[in-house]
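Chain IDs A, B, C and D follow the sequence of writing; residue 1 opens each chain.
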Amino acid sequence: MIIILKPDPDPTQLESLQSWLRSRDLDIHMSQGQTSTIMGLVGDTTVVDIGQIRMFDIVEDVKRVQEPYKKANRKFHPQDTVIPLGEGTIGGGSFTLIAGPCSVESKEQILVVAQEVKRAGATALRGGAYKPRTSPYAFQGMREEGIALLLEARAATGLPIVTELMDASDLGAFEHVDVIQVGARNMQNFALLKVLGKIDKPILLKRGLAATIEELLMSAEYIMANGNEQVILCERGIRTFEVATRNTLDLSAIPVLKELTHLPIIVDPSHATGVARYVRPLSLAALAAGADGLIVEVHNDPAHAKCDGAQSLTPEAFSELSDAIAEMLPIVHKAVIPAR
Amino acid sequence: MIIILKPDPDPTQLESLQSWLRSRDLDIHMSQGQTSTIMGLVGDTTVVDIGQIRMFDIVEDVKRVQEPYKKANRKFHPQDTVIPLGEGTIGGGSFTLIAGPCSVESKEQILVVAQEVKRAGATALRGGAYKPRTSPYAFQGMREEGIALLLEARAATGLPIVTELMDASDLGAFEHVDVIQVGARNMQNFALLKVLGKIDKPILLKRGLAATIEELLMSAEYIMANGNEQVILCERGIRTFEVATRNTLDLSAIPVLKELTHLPIIVDPSHATGVARYVRPLSLAALAAGADGLIVEVHNDPAHAKCDGAQSLTPEAFSELSDAIAEMLPIVHKAVIPAR
Amino acid sequence: MIIILKPDPDPTQLESLQSWLRSRDLDIHMSQGQTSTIMGLVGDTTVVDIGQIRMFDIVEDVKRVQEPYKKANRKFHPQDTVIPLGEGTIGGGSFTLIAGPCSVESKEQILVVAQEVKRAGATALRGGAYKPRTSPYAFQGMREEGIALLLEARAATGLPIVTELMDASDLGAFEHVDVIQVGARNMQNFALLKVLGKIDKPILLKRGLAATIEELLMSAEYIMANGNEQVILCERGIRTFEVATRNTLDLSAIPVLKELTHLPIIVDPSHATGVARYVRPLSLAALAAGADGLIVEVHNDPAHAKCDGAQSLTPEAFSELSDAIAEMLPIVHKAVIPAR
Amino acid sequence: MIIILKPDPDPTQLESLQSWLRSRDLDIHMSQGQTSTIMGLVGDTTVVDIGQIRMFDIVEDVKRVQEPYKKANRKFHPQDTVIPLGEGTIGGGSFTLIAGPCSVESKEQILVVAQEVKRAGATALRGGAYKPRTSPYAFQGMREEGIALLLEARAATGLPIVTELMDASDLGAFEHVDVIQVGARNMQNFALLKVLGKIDKPILLKRGLAATIEELLMSAEYIMANGNEQVILCERGIRTFEVATRNTLDLSAIPVLKELTHLPIIVDPSHATGVARYVRPLSLAALAAGADGLIVEVHNDPAHAKCDGAQSLTPEAFSELSDAIAEMLPIVHKAVIPAR
């Protein structure tokens, strides 16, 4: 961390700042320029609040040099994290294809979709049982019953289950779930993140609509700092001024994250665009950009889906996408030189 | 709600769409133009998912005519909601001044600040006991102990207490709190909103960093639909590309919200800007734009605050702000013609 | 276009609105619902200003049904526009690779880069002669002399030349240039667009940092409405809150634009990210998403480039990228089912 | 400027970086920490391109300490710039009220509006003669004829004239105009800015929709560096995700700009919101936040305005606004402690 002082700092205040910094176990290196003095801080600055340093009148500006996250940081953990999922893994060179409906709606629906996506090459089944809905009047999901149906679908197909938890008090129902998803709107629900940090199960953490890449990593850090290092990051679009798609899918985040962190990164083109016919080109783009997998909405009858039908692929379209991915994958593996 | 059909819609699909709509208790008014057919829907469209209608192949576009919220809607509740707070009220012409430190740090600190802000004209005391922090390594608040100290400060000063709840499982500790705050990052924590809809206490609901005004009202609707109609809205800055301030305070939201809803609206210039010296001009601007009050950070020793010191006013600066408000208030009341 | 009236509209005002609409050659279809009346307008609504309709007191809302652009609209021109460039084309199934330095700096530099990118497979040479720089104190380009050097490079390599025009008064110097580029900051410089609409040369139109996809098409429409239909669209990143990359590359714009317009679309990953090591993964992603080509910065000595060295590929890295594209291209052509 | 080096920098590269910096007349102060080395640069870093420094492999990061603008910088010019306008001034404590229609439409229209706004207290007349319109099919303004009508209105009322120039080639028509406006979409039309830097007339520079405050100041610097120091800054809303208003008026920019620059700052609430009934509360808010004036759209017959009628005040509403401002002004002058 670097502190730039205003010209001619008051010596008493300077002493006060220095002792405040030393009390946080930081070594100080002073560098006197012609017009300004710079203090370089050495030590663990992760825990220092920049805002507090700015409070000192003699401080012109403060700049962070180190990232404020440790456990998620590739610098301290150069090898890719590889997370077991069913018979395969997420990360480490495999390409994960998670597919399924926005919501679990009925036994028949989830079983049909599970079989269809399994046949088409999916490696895991997604499905919402607890649904975050903007409107209190919209369908809120089948809850425990939905989880039970997902587990039936797993029993029938062998596909591991990915589903969203919205509230720590429902955690009991997720005991047999394979991967717990944290939704975009809960990315900074720190109480929830802390609870998930104490369990032994992979967490699929979706990027918030207004979250920077650094904040996404800080939320991963919350989970990891509490003991659970199995975090899968998910880019799912950020909120911008553009209205042609529901959100703006930030595929640049993939090479950036590959550089900054060792955690696997998957992409959700369905929620990002909100439009089924854009899912295919953006899925292939995510693959080409270096993503470790996709999470895609598939519904056997999109026109009658209880939520987000407009963004769901039919099983046929998903199968074609899966074939296209299989064909492109060897080329990408050859072509994509690791970002580092 | 209006549905625009593509030219020459397939009659079978049209029949299917019409029966789908009628099954949702909607009357359909067909309007045949030269190049397109328009369906006008009459009935309660609040619960209809636009995305599902878009799934029908014959549909070109769907437009909402009515707002998707009812209880928060001024159309159905023209009178301003007025919420009792201590010996006064929020809304209905009064100007509420909530002040206090970012975090409760010690008995001495909160008592001193409470007395100072009371003397300066504050009508309520704010202070964080459960703190949402981006970093897991930052100070997370004094929790139950912090609530107890806030209640001591209330006993000493008579100021009602406003403090943030992050997790429904902590609700027990908030029994004697006057107003429960929902932070910006939890604005769409729907599980939390539902719980707060079932209690009998005013809720101060902060706008999320990427939340539209409509989404803010939908979150208010979550609380109200569950039975608690005492919701105070709070504009606290949205996330944009501008970096000169921490967030971009959206003061236009005040006249817009005054038009759309009967709920009171307050403004948080401290979190919006992140810079103490911008708090005063933006506080006066919020007043002039028609806000019902402010929530402002005040700390007796900003340089040593455990969080967000850079945005905290000293008690002296707050007192001067309070005086300026008192002087401007009668002019504003005279000058601001209600938005409707 | 659809106009939603407020309940119980005043008959005199309604008559006034109707006559205003008829005076614009629009047919009106009234549709009376229970709670609101809807007017459907038939005719050329492209030229109607929605804001003016909103001025009528009886109007609740106005919604556009048709896009406000005609010549750029795929509905009226279903076939892809294919633009000749050198010995090849842009659009229509080819993949265009435009490469070169940010700025022309010297004869030696541009000749070396031109030969290198030609060898690596580029189909056109880019290079800035007139430079838009945020700071008046930064290098502003070699101007006429730079154009002359580009033409020398063309003579030596056969590569057609793409370079930016900032001011119509400099147009004379661009007589022998193959493609004129309009920079992101000039996308809504309507005076410039009109002038470029009157010449017979392809225009590469970059999307503005805050421009919606519709606005990009409206700017293309400006050029086309003035007579020049050879417009190449370029996605180069939009401005969002994310700071990890210079801008946020919006690859969703590719399938959206492919649907809305017949014009070719290329992608500039260099300016979008500002970071050379992200150019490769995002180039491949753009290809996979269906782009018609790329415009990439390449410099023989990035560390000593007079501008934007940080985002420039070395000729070696560009050559590797070109090889990867060549390998992926047949798979993509097979895999990418046209968006329509 | 501060350069943070990667651990253990290669000595040859370090030497190369140092000589590159010295060749730009910068003194280097090395500061060796435990984990990283910091270089502090002393000298005129305004002209140094950060991107080029980042190109050196040994560089971890670069941070600017000084603002990249000089002439617009309050540090080097502490006194407020005061610009003569008609019989009064802009800046320096006066409050300027510029009012008039979006477009000049006819002699009668502009004369009536000019007289009305004069009577209501306006200090200058605005009116568009050359109109930037998103659509090539929309009304493009009366051009030279419009300027002539504005001059007639000035002759009749004494109000100085403010009108927009879109293209340097039209400058001749602006000879007798009092203030030349640069529109938001031309804020980074650097060719235009350079031309305006060479004339002797105040320039009203509107902030671009995606322009940061620093970029606005850099555009002012373009004009000033070319010799014209009479620049009036105008906040008119930035583009964000919020759709309830056309743009998001950034009133925080006022105290920020007051701190950074000595140039006067006015606010355009009409274009920012696009809605006439929000103009009044936001005008008063701009005043309270410390703006030096307003530019407001007023039309004698908004329903029949040729552009932007929806955001135009009637003369009556403007007169009421002007009265409210007059009443609030002495309180604000007393209440607003200068930002410095």
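Everything that follows uses one rule, which is that a residue touches a chain if its C-beta (ideal position, glycine included) is under 8 Å from a C-beta of that chain, and two chains touch if they have at least 3 such contacts.
Fair warning: this is a prediction, and the values are worked out from it, not measured in the lab.
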> Does the chain C and chain D pair touch with the same residues on each side or with different residues, judged by whether over half of the numbers are shared?
Replying inline: same
> If every chain is reduced to the average of its C-alpha atoms, which one ends up farthest from chain C?
Replying inline: B
>> Quick check: how many Å separate the C-alpha centres of chain A and chain C?
In response: 31
> Where the centres are mean C-alpha positions, what is the separation of chain A from chain B, in Å?
Replying inline: 27
>> Show the residues in chain B shared as contacts by 2 or more other chains, in ascending order.
In response: 210, 238-241, 243
>> Taking the touch rule as given, give the residues of chain B at its contact with chain D in the complex, in rising order.
In response: 210, 212-214, 238, 240-245, 248-256, 259, 272-273, 277-278, 280-282, 284-290, 320, 324, 327-328, 331-332, 334-337, 339
> What part of chain B is in contact with chain A in the complex they form?
Replying inline: 46-47, 49, 51-52, 54-56, 68-69, 132-138, 166-170, 185-186, 188-192, 194, 208-210, 215, 218, 221-222, 225-226, 238-239, 274, 302-311
>> For the complex, give me every residue of chain A touching chain D.
In response: 2, 4, 27, 29-36, 38, 40, 42, 60-61, 63, 65, 239-241, 243
